[in-house]
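Two complexes follow with chain A in common, the first pairing it with chain B and the second with chain C.
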Partner chain A sequence: MLYLRIMTVALLTAPAAMAQDDLSAMFGKDSVRRDGVTSTFKSTRIINGQSNETLAKGDLDFRVAHRFGDIGGSDGGSKTFFGMDNSTDIRIAFEYGITDRLTAGISRSKGSGSLSQLYEVLGKLKVLQQTHDNRIPVGVTLFGNAVVTGMKSAAEEEEPSYFGNFSHRMTYTGQAIITRKFGNALSLAVLPTYIHRNRVAFMDVNDMFALGIGGRLRFSNRVALVVDYFLPFREQASKDYFAERGVKFYNPLGVGVEIDTGGHIFHLNFTNSTAILENQFIPETTSTWRNGQFRWGFNISRRFSLAK
Partner chain B sequence: MKSILTGLGLMLCCAYVCSCSSEKAPEPSNSACDTMVINSARIYAVIQMNCTNHSCHPGGGAPVVADFSSLAKLKSYINANHSTFALRVTGPNADMPQSQSFPALPRAVRDSIACWVEKGMPD
Partner chain C sequence: MKQIFLISAFLLAGFAVSAQDIYSCRNATLSFFSSAPLEDIDAKTTQGVSALNIKTKAVYFKVQINTFQFKKKLMQEHFNENYLESDKYPHAEFKGKITDNIDLTKDGAYPVTVEGTLNIHGVPKTYREKGTVTVSNGKVTAASKFNVRVADHKIKIPSLVVKNIAEVVEVSVNAVYEPVK
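Coming up: the complex of A and B.
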C-alpha cells in the first residue's frame, strides 16, 4: 500500500517536475531580449552628421554648435590662439519630440561658404529600431531639412548668392541614417545623403549625392570617441573647373569626444569642415586636415521635458 | 492631433516640392586683366569699405591674423597667404565679407582684386 502511495505521488508530481524543466528551458530561450536597442548614439548628432536618435515625446532640445577657425596653417597658430579668435560657423537650434519617433526643429546658423544667415526647418523620423534579438538587425532613421538664406542678394548674376527669386535662396538635405549597435561599446552608422541646392555657381552641381559613415566607441558610461566622415560625389568636370581657379574640395572628417554630464551631452570635436549644416559642409568643404585647416568645435545639447 | 500632423506634413512636402528648382549662375565674364589698369589706391578703398570699416580686419582685435589696417599690411598678408586670399576673397565660392549683413563683393570687384594681385599689386 505504501509502495502504491509512493508511486501515485511520484506519478502525479512527475509532470509538474517535467513542466518545471520545460519552463526553465523556455526561460532560457526567452532570456534573449526582444525589445528595441536604445542609446545607439547618445546625441542626435554624431559630430557633423546626424545620428539615428530622435527625441522622446515632449522633449525640447536646445542645441548650440560652434566651429572655430583653423588650428594650424596660415590662419591658425598662436597668433589666433589656434583658431579660437575666429568662428567659422555658429548654430542655435530648438528641436522637439512630437512623438518618440518623430522630431521637428528650427535653427539659425551663421553659415560658412557662399551663403550665410541660414534658417533651417528640419524633421527626423525613426522608421525602424534595431532589436536585441536581431529580428530587426539595423535601425533606420530618415532626416530632411529645408534651409533658406536671409542674406542680401549679390548684385551680379554670376554670383551663387544672387537671388532672382525666393526659391534661389533654398537648399535641402535628404538623408537615411542606417545604424547598428554592437554590444554596449560600439555603434556604427551609414548615411546615404542627397543635397539639393536651387541655385549654385557656374559649373557647381545642384544635386549631389554623398555617403557618410560614422561611429561611436564607448570608453565608460560617460565618455565615448565619436567619428564621422562624408564622401561627396562631385562631377569630375566641376572639380576640374574649380581646381583651375584655385578651389579644391575635400571630404569632411570629424573626430571627437562625447561627454555625458547628466543633463548635457557635450561634444569636443575636431573637423576640417567650416560649416555645420549638411547643406554646406558636404558640398562646400574647401579646407583640409593636411594643411592644418581643421578646427576645434563643440556641440552642446540641453534637454527640457515639456511633457506632463 | 494625428490629422493636424498629417496635414502639416503634407503642406511641408508640397512647399518642399514647389520651391524646388535647379539653376546655375551664368559663366563669369572674362574680364580682360591684361588691359585692365588698376592701382593700389582703388583696391585699398574697396578693402577699407568692405573689410576694415566693420572692425573686422583692423589688427589688434579678432581676427588678428588678417590685418588690413594699411596698404602695406594688406600686401604683406596677400604675399604670405596668397591661396587663402584667393579662396576666400576672389574665388568662385568666396565667403568674404562674412555675414553680419555685409553685402557680398560683386564679381567685377573680385575680378579687379584678383587682377591687381596677379599683376603684382602695382601702386
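Coming up: the complex of A and C.
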C-alpha cells in the first residue's frame, strides 16, 4: 500500500517536474500571426500588369523589358528567327523606393502602337497590406503614370500622332491592384484600370476602363509561373468601326516563368500584346494568340540597396 | 482521502516552487553576423523570448524568424523567402540545460556550458556552447556567442551566390531576465 502511494506520488509529480523543465509552455502556443503578408509577388510587375509590390525604402530597381516580333505567321518563322530580329517594344526604367510603401520611377520605351518614343513618370502607393490574421484580407496598391511622346508630329490632322498642342502628346493610367496571397504558393490579383489618352484616332476612345486579373504560382523558392490578362471595355460602335476597316482588338494575355537568381528577377514570357506600357497594351493590342501573333519577351529586374 | 490530500499538496507545492525558480525575458536580443568574400551580412532582433529555471538550470529561447531586421531589405526578403523559409518555419527554438555544477540562486558571474537542441529551419541539431550567466539582486542576465553552420540546418545556398553568403554564421544572444510572478 505504501509502495502504491509512493508510485502515485512519483507519477503525479513527474509531469510537474518535467513541466518545470519544458519552459516552452510559458510562451504559449504559436498565436495567430498579426504581421503583414510579404512577398505576395516577387517583383513589382506580374508580366504586363503591375503587382501590389512596392520597393523597400532606399531600393533602386533597374528594369529592362523587351517584347520581340511575332513568333509565327507572315512576320515570324525562321526568316526573323521566330521574331528575334524584330523587337516591338523595349523599356528601360529606374524605379526607387521613397518609403517602403511609396515608389516613384521614370522610364523610356520605344512604344508600340500609334505613339512611340515614350517617356513615363510613375508612382505607386501601397495603401493596404494583407495580414496573416485576415484582419486585412487583401492588399491594395494604387498605381498611376503619365506618359509623353517625344515623336515628331504627323503632318495629317487625322493621324493620332498629329499633335496640335503639347497636351495631345500625353496619356495616363490609373489603376488599383487588389491582391491576396493564398498560403505560400498562390497569389492572385485583380486590377481595375482606367486609361486616358488625350488624342486618339477617329472613333477610337479617349477614356477606357479595363479589368485585369493576374496570378503567381510558386513551384519552388525561386521559380514561379506568372500569368496576367486584361479585359478592355471598348464601346461596340468603336469596335464595329475598326472591324469594318480590318482592325480587330484583342485582350492582352501574358504567360511566363519567373526566376529569382538572388539579385536579378527574370521573367521569360509569351504575350500577344506588343507594347509594354499599360497606356498602349490595354487599348491598342491588335495581335492575337492565333495566327502565330504572339511573341516572347522578358523583364529583367535588378535591385540595388542604396540605403546605408 | 488522506492520499488525495497528500497528492494535492505535492502538486501544489511543486507548482509554487517552480514559479519562483523561473525567470523570463520577453525582449531577448538575437543577432547574427557572417562575412563572405562579397558581402557582410548582419541582422538583429530584440523580440526573442527566453526563460531560465535557476533550480533545474533549464534554458529556453524562441525567436520569430521574420523579426530579424537587415540593413538591406532585399537581403531580408531573400533571408525569409529563399533561405529560412519563414512562412513554413516561422520560429527558431532552443531547448537546453546548463550542465555546470553551479548554484544560480546565489549572486555571481558564472561562465557556463549549455547543452541542448537548436531548431532552425525545421531542422534540429544538438549544440554544446559556452556562455555567461550573471545573477545579482534577483536579476539574471545571460549571454552567449556561437557558430551555426547553415548546412547543418539544411539551408541551401545556390552556387551562384556562394560568394555572397558565408557557410558559418556567428550568432549572439543576450537576455535580461525578471522573476516570473
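Operating definition for what follows: the second predicted complex is superposed on the first by the 278 of 308 C-alpha atoms of A that agree within 3 Å, B and C clash if a C-alpha of one lies under 4 Å from a C-alpha of the other, contacts with A are read in each partner's own complex, and residues count from 1 in each chain.
Operating definition for what follows: a residue touches a chain if its C-beta (ideal position, glycine included) is under 8 Å from a C-beta of that chain, and two chains touch if they have at least 3 such contacts.
If you're wondering where the values come from, they're calculated on a predicted model, not measured in any experiment.
Chemist: Which partner does A:L211 reach: the first (chain B), the second (chain C), both, or neither?
Modeler: Neither: A:L211 stays clear of chain B and chain C.
Chemist: By the touch definition at the top of the document, which applies to A:N221: first (chain B), second (chain C), both, or neither?
Modeler: Touch partner of A:N221: chain C, not chain B.
Chemist: Using the touch criterion from the header, give the chain among chain B and chain C with more contacted residues in chain A.
Modeler: Result: the larger residue contact count on chain A belongs to B.
Chemist: Output check: A:E159 vs chain B and chain C. Expected answer is one of first, second, both, neither. What do you get?
Modeler: After superposition on chain A, A:E159 lies in contact with chain B alone.
Chemist: Which partner does A:N184 contact after superposing on A: first (chain B), second (chain C), both, neither?
Modeler: second
Chemist: Which holds for A:A237: it touches chain B only (first), chain C only (second), both, or neither?
Modeler: So A:A237 meets neither chain B nor chain C here.
Chemist: For A:T286, select first, second, both or neither according to whether it touches chain B, chain C, the two together, or no partner.
Modeler: Only chain B is touched by A:T286; chain C is not.
Chemist: List the residues of chain A that touch chain B in one complex and chain C in the other.
Modeler: Residues common to the chain A contacts of chain C and of chain B do not exist here, since the sets are disjoint.
Chemist: What does chain A use to touch chain C in their complex?
Modeler: 5, 8-9, 12-13, 16-17, 19-24, 26-27, 30, 33, 35, 38-39, 42, 56-59, 100, 184, 221-222, 260-263, 303, 305, 307-308
Chemist: What does chain C use to touch chain A in their complex?
Modeler: Checking each residue of chain C against chain A gives 3, 6-7, 10-11, 14-15, 18, 21-22, 24, 49, 51-53, 55-56, 58-60, 62, 66, 71-75, 77-78, 80-82, 85, 87-88, 90-91, 93, 95, 97, 158, 160-161, 164, 180.
Chemist: Residue numbers of chain B touching chain A in their complex, please.
Modeler: Residues 5, 12, 15-16, 19-29, 62-66, 80-81, 83-84, 86-87, 91-95, 98-99, 101, 103-104, 106-108.
Chemist: Tell me, which parts of chain A touch chain B in their complex?
Modeler: Of all residues in chain A, those touching chain B are 69, 73-75, 79-80, 85-86, 98, 102, 110-114, 116-117, 121, 123, 144, 146, 151-152, 154-162, 164, 166-168, 170, 172, 196, 198-204, 206-207, 242, 245-247, 284, 286.
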